[in-house]
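Every chain is named by a letter (A, B, C and D) in the order it is written, and numbering of its residues begins at 1.
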Amino acid sequence: MSTLTVEHVARIEGHGTITVEMESGVVSDVRMDIIEAARFFESMVVGRRFDEVSLITSRICGICSPNHALTSLKAVEAAFGIEVSERTALLRKLFVYGSYLQNHATHLYVFAAPDFVGLPSVFPLAQTHPDIVERALRIKKTGNDLTTLIGGRPVHPITAVVGGFSAEPSAADLRAMAVRLEALVADTVATAELFQSFEVPAFETSGEMLALVEDDDYAIYDGETAALDAGWRRSASEYRQFIAEKVVGHSNAKHSTVGDRTFMVGSLPRINLSAGKLMPRAAETLAKLGIAAPSRNTFVNNVCQAVELVDAAERCAMYIDRLLGMGGATLPEPFTIKAGSGAAASEAPRGTLYHAYSIDDDGIVVGGDVITPTAQNLGNLEADMRAYAPTIAHLPKDEFILSMEKLVRAYDPCLSCSVH
Amino acid sequence: MNNTQVVMTRDIDANPYHPWPARITSIMDLTDKEKLFELRIIDEDVREAFEFQSGQFVELSIFGVGEAPISISSAPSKQGFIELCVRDSGDVTGALHAKQCGDVVGLRGPYGRGFPFEDMKGHDVLLVAGGLGIAPLKSLINHIHDERHEFGKVTILYGSRNPAEVLFRYQFDMWKHRDDFDLILTVDQPDDTWDGETGLVTKLFDQIDVDPDNTYGAICGPPVMYKYVIEEMRKKNMDVDRIYVSFERRMKCGIGKCGHCGVGHQYTCVDGPVFNYWEAMNLQGAI
Amino acid sequence: MAPRVAIIGLASDFGCQVQVTNMEDHLLDVLGLMDLAYWQLASSGHLPEEYDVAVIEGAVTTADHVATLLKARETAAVVIAIGSCAVTGGIPALAGTVDYDARYGVVYGDGAAVARGRQVPKPVSSVIKVDYHVPGCPIDPTEFVTVLSRAIMGLKDDMPQDPMCAICKTQENVCFLDRGRACLGLVTRTGCTAKCVTLGRPCTGCRGISPEANIPAARLVYAEKGLDPLELDRLFDLYNAAREVVV
Amino acid sequence: MFFRVIDKERLPDLITGLGTEYEVIAPVEKDGRFVYAPVVDPAEVRLDYDTTLLPPKKWFFPAEETLMRFRVADNEVLDDEVFAAPRVLFGLHPCDINALLLMDNVFTGRYADPYYMRRREQTLLIGVSCTPSDTCFCNVWDTNEVHWGFDVFLTDMGDRYFASCRTVKGAEILDRFVENRTVSDEDTREFQRVVHDFKEAFDRTVDTTQLPVLLDAKFDSPIWDEFGEKCLSCGACSMVCPTCYCFDVHDRLEPDQKSGVRVRTWDSCQFKEFAAVAHGQNFRDTRASRVKYRYYHKQWGYLSKFERVLCVGCGRCARACPAGINPVNVIEALQTGEVR
């Protein structure tokens, strides 16, 4: 028996190791060891005050911190029975999309693209393909500037508080941002085309696909959880009833199942379930790329992220218009602190994110639970790796490793998030 | 002179924060930590107009690192160049130490009040230095040297921590052989090579005679030194208003604005760094 | 020759590393200052045997982390700790406030013991000597670049040590204490332009306690303003649970 | 001096008119307090303000400003131009005008500061009368009256303003931008009554007899230790003070390290580093010595040079200091030997 390990897989957020066991040339087992150290967020929030929860949980992940902050705020609001204003909800959606723009751009260009052009990182591209790097930085920067405009900085928002925002961007700044977003659509379309030009292996996952859906919108901030194969829709706040988490020996991140199947969350499941809700240019791009939703090819997740970039740029410009035209306030209304429990979900760039908290009479947290997208994906990722490895076992070692890494990166995993 | 230089000159005239480019024309290692730099202001007009007194200082500027006040060590009688004796004690001084001959740095000044050279003429002079405090006093000594006939007895007491830290040895060796300078060196921690005195500089007062009615004193050294040296001078009945002290304080501007160098109710940069002891006595917290 | 820089992550959320990539306009200039020897987040390759500057993100929570740090200190001439996790223990250290071992059970139940060699979270400086600190959760990328370049030039960090209120005043904020709300600015290390207060949220102390902080006096101020004096200490736990408490 | 009377309801015309040629800075509301900010709409201007969070000094000596841009390679200054737009500061109270006069002593004269001077030259000052607030004690220093240093001063007389024009420029803008009339005897009588009542309205008494002597004599008093224990070394007092001018200077490099800027930022003698020199020596190591220095400098150091104390009694520090330390209780503590 021989063992092949890829330690600290590069260009993913967090520390993970791929282990492939071979017996006389045949792949016998494949594992993704998550060695990222646990920080115990769910127990960490216990004993802290309700208004500190989003500050704490946003530190689960520095890449999608706006999503953790918002999802935990929604859970706390659910516990107190707070309804936020329409204006707050819209501003929060914009905020999520800022995170999408920056996350997807980073993943596509910094993490994934080097694989397809055979480079160790994106930096050498700055010499050979400055236009591509500049485009990448433009999209990422617009995303960051949008989150900064709303949240105060790109990582770990300041202004998002229970019930609304502690400060709101000026109309002039919003207007200028809308202009930039409209101009960004071309860059995002070019991104989708670039990724479509990269060859992806023909490979299908066997897992279920889950994502939030809404009747009249592309669901990212709100919605019910839908299962693609099983065809059900359920209230996201009941996630504990349909997602089972279990501790596995080799990973500090738990694995999840729905029913008895592993499942996938992220851009591919979202597009599979909500393709009809995409903005016009995004829908057009999707059609042009010849991706028939639903697709089961995990590697297509990258292209779906690119389509979501197009959607985000278009949609944010529209949302800003709407925001400028509407009244209302985002400063939180006074609310009563009372004992209760609340759960909430939203779509982070990497997939559905669930937070739930119980709070006592004094506003002190007594229990917390978080399931991150990557934690949901890990079981499916391992299943994919097991299915995929034998089909490429004949490749030279370097190529074999690279192909396995590509599969891992197709999920855009966030390991420190998954352990949290 | 081309156009750009003309514009620059005008700007500098208008802006007291704007340093003059100056070229390092020589660097001499004095000890492990101190080097003597000779600098020449590049602009000819400014160089010629640059007149100073012993005891005054310049702001030395290295862009990207910052500025530091440094006493001028050369005598005013020396034209066209200035010397700075600099200890590597931080960012700016460290960056200066890393410079080579020919490199350009910035200078502004001269600033502050120097020693009362003219008043001292016709009198005996007792100069007491501790460590790096010799830097401004060296300017005064050299100046006296150049006009030696104008002065009475000149006594220099100079204390260092150890023989390796004695600055300007080459000059002292020269003076030791002259009979018109009384130079006594002492170190706290002697080694085998040391043939001078041992102990604090205050101990040297036993060895000297002072004419109390005719002697000017000047002191520069670490903050702890002043009190004890002044006590010794007072024991010799020297007049409080003939004793001069030079202070070091933190400075950012050198021109009485940034506020850092406040001592008592005065500013070291414009009211000092050289103070008459009577003034200094009235500066709360000065000594 | 450009110094070889290794960026090493311990227990963290990668937010500070992300912040480095977030200075899009200057990223290429900044990368031009150094020879990037290792950066797992952005590039394939292994931690090399030799490098000059170690940039450390994250708190120390495992025996592996300790080993990594000891090795880094031996290898690098300069060690820079970035972000609250590395500088003060940050949010990870919050898990260490009470009964750290019990937390494992809360999160993992009786499941397999995967968190090998885990330790109560602590800052990098509790394990090795740190030459430069870039505080904040997350770091300000400009401040990071300033410190990095000053480190490369061998200069002091030039960062202020005092509490935050002064910079808060320059932003013309109405003091939270005057509005009856607790704020940690009066004891937190300055340098962030009082961003949170300016955006309507009290300072939460992410830059750590100012070395010049007068904690007993600050408790008195809280009492004077009708707040619980111990609220100051409770709030400080958020990013500074690994500190020594001043009485 | 040249005097005019302006109907109150005409005042917005003046602001609007000035706005056509100048950037107009005036007090506006912010979260229940006031700040000097650029205004476009006269309706934003709040002449009923008590005091602003920051004093007007920020318009002449900003909290952070670039002194020059430089190139590292040859240690060359690239640019040290001082740019100042024509401005009007509208609605200054007497204390703030007096404070600017004190600042002038430092920044003009020998080694005149071109940055401050240029802005000062480009700015017109229009003062307006005030009413005493809980924290101000300008009467103690006679700074509730101002005799020069402004272009126009408006004294509120109910339905009209009594406008004193100190400069040609002041007279000119008044005539150009707002309907006004000459002063009648009745106006003058009313003016006298108003200013008299105004002076009467201040009831703060602080004994400031022989303050420098007191400061010297009580230099080693334990009351300073008591203040030292309370002080947070936060520097808030210095930032908000209209007469505190200390600054720090830093060189900042661009990310490419090839060029950079030399900037100055407000500093405070309450910060520990302020008086530290090389080799670990610090002349004001303790909080007590630093609190003491602030008052020692304001009420004796500055006085020794310019014959005025460096305080105009605006009370901003009293409001800003979390520990409640301010000139009044410091002077009283010196007098009585007891910290209240």
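Keep in mind that, in the parts below, contacts are C-beta pairs under 8 Å (C-beta built on N, C-alpha and C of every residue); 3 or more make two chains touch, one makes a residue touch a chain.
Bear in mind that the values here come from a model prediction, so they are computed numbers and not experimental data.
Colleague: Consider the two chain pairs A-C and B-D; indicate the one with the greater count of contacting C-beta pairs.
Modeller: Here the pair linked by more C-beta pairs in contact is A-C.
Colleague: Select the chain whose centre, defined as the mean of its C-alpha atoms, is least distant from the mean of all protein C-alpha atoms.
Modeller: When every chain is reduced to its C-alpha mean, the one closest to the whole-protein mean is C.
Colleague: Farthest from chain C in C-alpha centre terms, which chain would that be?
Modeller: B
Colleague: Would you kindly tell me how far, in whole Å, the mean C-alpha position of chain D lies from that of chain A?
Modeller: Whole-Å distance between the two chain centres: 52.
Colleague: For chain B and chain D, what's the span in angstrom between their mean Cα positions?
Modeller: 38
Colleague: Report the inter-chain centroid distance for chain A and chain B in whole angstrom, where each centroid is the mean of the CA atoms.
Modeller: Computed from C-alpha means, the inter-chain centre distance equals 65 Å.
Colleague: Averaging over Cα atoms per chain, report the distance between chain A and chain C in Å.
Modeller: So the centre of chain A lies 25 Å away from the centre of chain C.
Colleague: Show the residues in chain C shared as contacts by 2 or more other chains, in ascending order.
Modeller: Each of 158 in chain C touches at least two other chains.
Colleague: Show the residues in chain A shared as contacts by 2 or more other chains, in ascending order.
Modeller: Correct list: empty.
Colleague: Give me the residues of chain D that touch two or more other chains.
Modeller: Counting only residues that touch two or more other chains, chain D contributes 250, 253, 257.
Colleague: Provide the full list of chain pairs in touch.
Modeller: The list of touching pairs comes to A-C, B-C, B-D, C-D.
Colleague: What residues on chain A touch chain C, complex-wise?
Modeller: Those residues of chain A that touch chain C are 7-8, 10-11, 13-15, 35-40, 42-44, 46-48, 52, 55-56, 59-63, 65, 102, 106, 110-111, 114, 120-123, 126, 133, 137-138, 140-141, 144, 152-156, 158-159, 161, 166-167, 246-252, 254, 416-417.
Colleague: Could you pull out which chain D residues touch chain B in their complex?
Modeller: 67-68, 70-72, 74-77, 80-82, 106-107, 110-114, 212, 215-216, 219, 245-251, 253, 257, 260, 262, 264, 267, 269, 274-279, 281, 283-284, 289, 293, 296-297, 300-301, 303-304
Colleague: Can you name the residues of chain D that touch chain C in the complex?
Modeller: 30-33, 35, 53-54, 58, 63-64, 229-236, 238-240, 250, 252-257, 266, 268, 270-273, 287, 319-320, 322-324
Colleague: What residues on chain C touch chain D, complex-wise?
Modeller: 23, 26, 29-30, 32-33, 145-146, 149, 158, 160-166, 168-170, 172-175, 177-178, 185-187, 212-214, 216-218, 220-221, 224
Colleague: Within the complex, which stretch of chain B touches chain D?
Modeller: 8, 11, 14-19, 21, 61-67, 87, 89-90, 93, 103-106, 222-223, 248-250, 252-253, 255-260, 262-266, 270, 284-285
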